[in-house]
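Take a look at the structures below.
Shared chain: chain A. Partners: chain B in the first complex, chain C in the second.
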Partner chain A sequence: MPRSTYQRLLGFVGKLAVLLILGFLVLPVAVVTIAAFNDRAILSFPPQAWSLRWFAKAIAYQDFRDGFRNGLVVTVWASTIALMVGAMFAYALDRYRFRFKKGIEGILLSPLVIPHFTVGLGFLILAAQVGWTRGYAVVVFCHVVLVLPFVIRSVYVSLRNLDQSYELAAASLGAPPSRVLLTVTLPLLLPGLVSGWLFAAILSFNEFTASLFVTAQRTQTLPVAMYNYVREYADPSMAALSVMYIVGTAVLIVFANAFLGLGKVLNIEQSR
Partner chain B sequence: MNNLADSRNGTASSGDDIAVRFDAVTKRFGDATALREVSLSVRSGEFMTLLGPSGCGKTTLLNLAAGFFSPDGGEIRIDGARVNDVPTYRREIGMMFQNYALFPHMSVAENIAYGLKVRHIAKKERDRRVEEVLALVRLAGMAGRKPRQLSGGQQQRVALARALVISPKVLLLDEPFSALDKNLRASMQVELREIQRKLKVTTIFVTHDQGEALSLSDRVAVMSDGRIRQLGTPEEIYRRPCDRFVASFVGDANVLRGRLDGFDGAHSTVAVGTARVKVPEAPLRGVALSTPVDLFVRPEQLKIAEICAPSAFGGRVAAQVYQGGHVDLYIECAQSASDRLLVRSAGQDAMTRWPVGAEVGMIIGIDDAVAFPVP
Partner chain C sequence: MNAQPFLRPFTAPAVLCTVGLVAAMAAVLQFSLRAYVPGSLEPGGFTLANFSDLLKPLYAKVFLDTVWICFLTAICTLFVGYPLAFALVRTQNAILKSILLVIVVTPLFLGEVVRTYSWIIVLGNNGFINSVLMNLGIVRQPIQFMFTTFGVVVALVHVTMPVMVVMLAAGLSHIDRDYQKAAESLGAGPVRTFLTITLPLSMPGVVAGVTTAFAWTFSAFATPQLIGGGKVNMISNLVYQLGFASFNFPFAASLCVAGLALTIVVLTVLRLAARPLDDLKAH
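Moving on, here comes the complex of A and B:
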């Protein structure tokens, strides 16, 4: 069938729009990446000479090393706790009826109506009351609260997509509820659980605003360390760090994709 | 395969004891009543079919037997024991789901072994029984595959094997064949019935396909609107429907307008035009003479005769359809409730004997039709 000029025009404009959007998405990444390999000390563009020295400097810088380690500790704890709490919550939301269910559902599933700095400030005040301002606990708790909605949502969607007949079949074969949960429900939910954990981990590791309030010098996470650095220096080691960030996240996603399939990780596909 | 069969015979030997009994079972969902005081007894080893249109409560009744929810009234017994409050996993049932519900993260063998594992049966014995049942459903050699690597028919057999391997007290099947294409469906039906006979497992089968119900079942319960309308053998259901609903839902039926003409013992006589047709008396009991009645007659019970034959009523052939094994004749007739009657003639000469436009007579033998008062 011959396409009309109108259709062709529409197709062209559509392609252009997609290219532009992709361009804007990629542009900052590209600029930062190029800057990271710049030999000069100032964040100039385009670079005159290339080198890896900013990577070396970023890796060697003690505050970044500590921030990275702190961030990992906080992220692993926060996303694991959030996954356990969130999974239980999602399960309860999906399977049981109780009072105020709609309200609780609304609060837990509405992402970030409350600004991060409010959460951070709140936790700071609370922590000051009980004298916890110097420890990891307050950072971890703060991050749990921030990532919980994402985890709940991820697990909840997987539960919704889970065909109930699998569990009924297991029960009909003689499996008591606990066994059904362990041998059928959880394995079938695994993609949702992993993707929930992964999102939580990425969010937590990148979280800055609330972390700024609740971390101390000893517990500061990488984004906070980067902020403190950039207040004093302006050299491309920040850009180098950003590139490592991007590569790290990409590796994680590729790994998850190979393990589970991206569709499942992003919860696009039905979980069967 | 003797092992599976024996374990069945151990619990149920005589032919007439009741394996599953529903006693005045009522089930509501919110305001809607899905089942109204349904009573039904399924004999040991029997193949019982629940047949009815969509929404009549078939699945609900089956799920009550499975224990997926409990009834709002009445009692359910399996092997004599009241199970109203017994959870599914302690009911010793085998269930096959419409979408098969094979565990996607387990292999065929693991799927089948699941129920045995739950029962703490030793690995060696487990493997032996899995192999045995795989042979029974003709899937030997497929043990290591994942469900998604199987065709629809193969998945279905795995689901059947998984339900059977635990030697359930009752096998519950909810429209198991609806996802299969026509040819595969026919062969799976035969296979299911053979296996069911071999193992003598009590079976409750849900379908809305009347052909399937008639061809597979020992007995059929025809349901509508949360009630059982008629319970009987396929032949009883087909030949002696007890009301208009069953007569029109099960099989093809022509409807003729007539009048009640008289009684004689076991029969009533219905006048159709100039003809007199003898029908079973029961559905017309208490109806006054000359009351208008509707006569339901199957296409193959309507016989073409000479127009002048005694007790024949007339019509004109409007169309012929050659069907290979038989010929469908469409006949215009003054007494027909719809515009044409369908006559199924097995004779190969029907095409030439009764060409389009021919005036023909039709006769109905004694008890070959049933009549119900016009509502």
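Moving on, here comes the complex of A and C:
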């Protein structure tokens, strides 16, 4: 082939570009990891001595502990409620015809484009006007609304790909609708439900901007606590916490990829 | 038999959420039309003054800066994200593909604060880049990345990239490979095949990616707040500052409304500009 040298060069340039871009993506993660293990309080590269003391400090810091606990409370409630609300609505979207269907769908998917600071401010004002104290309820409700689009989409896609003949078979054998739903539809939907829940949980745990508006000192979640820390202190315990955060998230992602196939969830499998 | 047995119980919770979201947005809209009473959390009577205040140069500049930063970020993310999306879709090796996917997707779930903090360590005056450059003797004084638009955009590109790559990859993966094979068998080189076949067919993904990147960047708060440090302000920072530093919630709400209107206008323009591309999808 006469083009082979040229093609090889092209392939090389392409691979180099991809490597550089991956480097850009990984650079902050690598740097924050180095900083977390650096013994000195002042950031310096390369570090002279290594230590684990910033991890110990981060774990012992009360605001981070509270933030982690509050974050877990909010995440568990918000993702579970969002999963139930979203899955039932996705089912209705796929199977039923009802009034204002398009309108409700549009509004529930709108947090994808409405800036989070607007949603946060809205719930803050609403809570103040209705006279709610700034407790967990408003934070959880705000998170439910924010993660609902992802759950609805995830479950809706699974419903679309579901073979309805199983349900028809069960129904024709005399199973009432509730039994068909519980013993046929629900088990078939399980992967979609799990990925939707996982999506919702990760997004809720990481949500920051809206949380900054709706949380109070007593209910602040981990990202809010981290933000407040970065504003006030410059020591690497934040780097240590970031590393724990990154490792935790990466483990979840690898797990999700192995069991659910992220490519399918994100709709980026190559068509053949 | 009832054809829609679970209609009411299945839609009721969703309707409740819809009502809540609409009420929250209505609250913002209502506050944007109320007067600010200094020293009080309760707003005054109805007025349009908040919206006329938006035209003051100080605030108008923040609007322009925000659109400019969003635009820059979306375009840079597109150029950086495209090769990666291409590699992600075309890699045949399953392990390599998984590694790529995890590297691309993990930052998506990392949250803005962690990523912004990481960039502060990379870009700061004592940060990674400046330390390396000074140790190598390339520069004597640290280069100022913090508190500059450049620094903010670099971090925002990093924040936005995963979404862009996912959108582009979705667009690229749905292209029928036979078109490329046909072009190649007719003697087109890889560059020509890419420019005349793959690139035009991937345009729906590009449009989806750019619109999402724009909306995503518009929503960013921690990155411009911490890396911009008050020198680079976006609408989000102004909203927070007005709300929590001066308790001027009515004006903060009017900024939100104007920002939302601006997003809708920009997204609609992008959609309309991309309309001719729908023909491509149909074939």
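Just so we're on the same page, the second predicted complex is superposed on the first by the 236 of 272 C-alpha atoms of A that agree within 3 Å, B and C clash if a C-alpha of one lies under 4 Å from a C-alpha of the other, contacts with A are read in each partner's own complex, and residues count from 1 in each chain.
The rule we apply is simple: a residue touches a chain if its C-beta (ideal position, glycine included) is under 8 Å from a C-beta of that chain, and two chains touch if they have at least 3 such contacts.
Remember, it's a predicted structure, so these values are computed and weren't measured experimentally.
K.L.:
After the chain A overlay, clash or fit between chain B and chain C?
P.N.:
Superposition result for chain B and chain C: fit.
K.L.:
Given the touch rule stated above, what does A:Ile253 touch, chain B (first), chain C (second), both, or neither?
P.N.:
In the superposition, A:Ile253 contacts chain C only.
K.L.:
Of the two partner chains, chain B (first) and chain C (second), which one does A:Val144 touch, if any: first, second, both, or neither?
P.N.:
Only chain C is touched by A:Val144; chain B is not.
K.L.:
From the overlay on chain A, compute the angle at chain A's CA centre subtended by chain B and chain C, rounding to the nearest 10 degrees.
P.N.:
Superposed on A, the angle at chain A reads 100 degrees.
K.L.:
Is A:Ala175 in contact with chain B, with chain C, with both, or with neither (first, second, both, neither)?
P.N.:
In the superposed model, A:Ala175 contacts chain B only, not chain C.
K.L.:
Tell me the contact category for A:Phe89 with respect to chain B and chain C: first, second, both or neither.
P.N.:
Once the two structures are laid over each other on A, A:Phe89 reaches chain C alone.
K.L.:
Thinking of the overlay built on chain A, is A:Leu188 touched by chain B (first), by chain C (second), by both, or by neither?
P.N.:
A:Leu188 sits against chain B, while chain C stays out of touch.
K.L.:
Taking the superposition on A as described, I'd like to know which of chain B and chain C A:Asp163 touches: first, second, both or neither.
P.N.:
Only chain B; A:Asp163 stays clear of chain C.
K.L.:
Chain B or chain C: which reaches more residues on chain A?
P.N.:
Of the two chains, more chain A residues are contacted by C.
K.L.:
Which value, in Å, gives the least CA distance between chain B and chain C in the superposed three-chain arrangement?
P.N.:
In the combined three-chain model, chain B comes within 7 Å of chain C at the C-alpha level.
K.L.:
Common interface residues of chain A with chain B and chain C?
P.N.:
On chain A, the residues that contact chain B in one structure and chain C in the other are 177, 272.
K.L.:
Of all residues in chain A, which touch chain C in the complex?
P.N.:
Interface residues on chain A, with respect to chain C: 3, 6-7, 10, 14, 17-18, 21-22, 24-29, 31-32, 34-35, 42-45, 84-86, 88-89, 91-92, 95-98, 104, 107-108, 110-119, 121-126, 128-129, 141, 144-145, 148, 177-178, 181, 202-203, 205-209, 212-213, 223, 226-227, 230-231, 238-239, 242, 245-246, 249-250, 252-254, 257, 262-263, 266-272.
K.L.:
Name, in rising order, each residue of chain C that touches chain A in their complex.
P.N.:
It comes out as residues 2, 4-7, 9-11, 13-15, 17-18, 20-25, 27-28, 31, 41, 80-81, 83-84, 86-90, 97-98, 100-107, 109-122, 124, 126-128, 131-132, 135, 158, 161, 166, 169-170, 172-177, 189-191, 215, 218-222, 226, 235-236, 239-240, 243, 249, 252-253, 256, 259-260, 263, 267.
K.L.:
Which positions of chain A touch chain B when the two form their complex?
P.N.:
Going by the criterion above, the answer is residues 163, 165-166, 168-177, 179, 183-184, 187-188, 272.
K.L.:
Could you pull out which chain B residues touch chain A in their complex?
P.N.:
Contact set of chain B toward chain A: 66, 68, 87-95, 97-99, 101, 103-105, 114-115, 118-119, 162-163, 166, 172.
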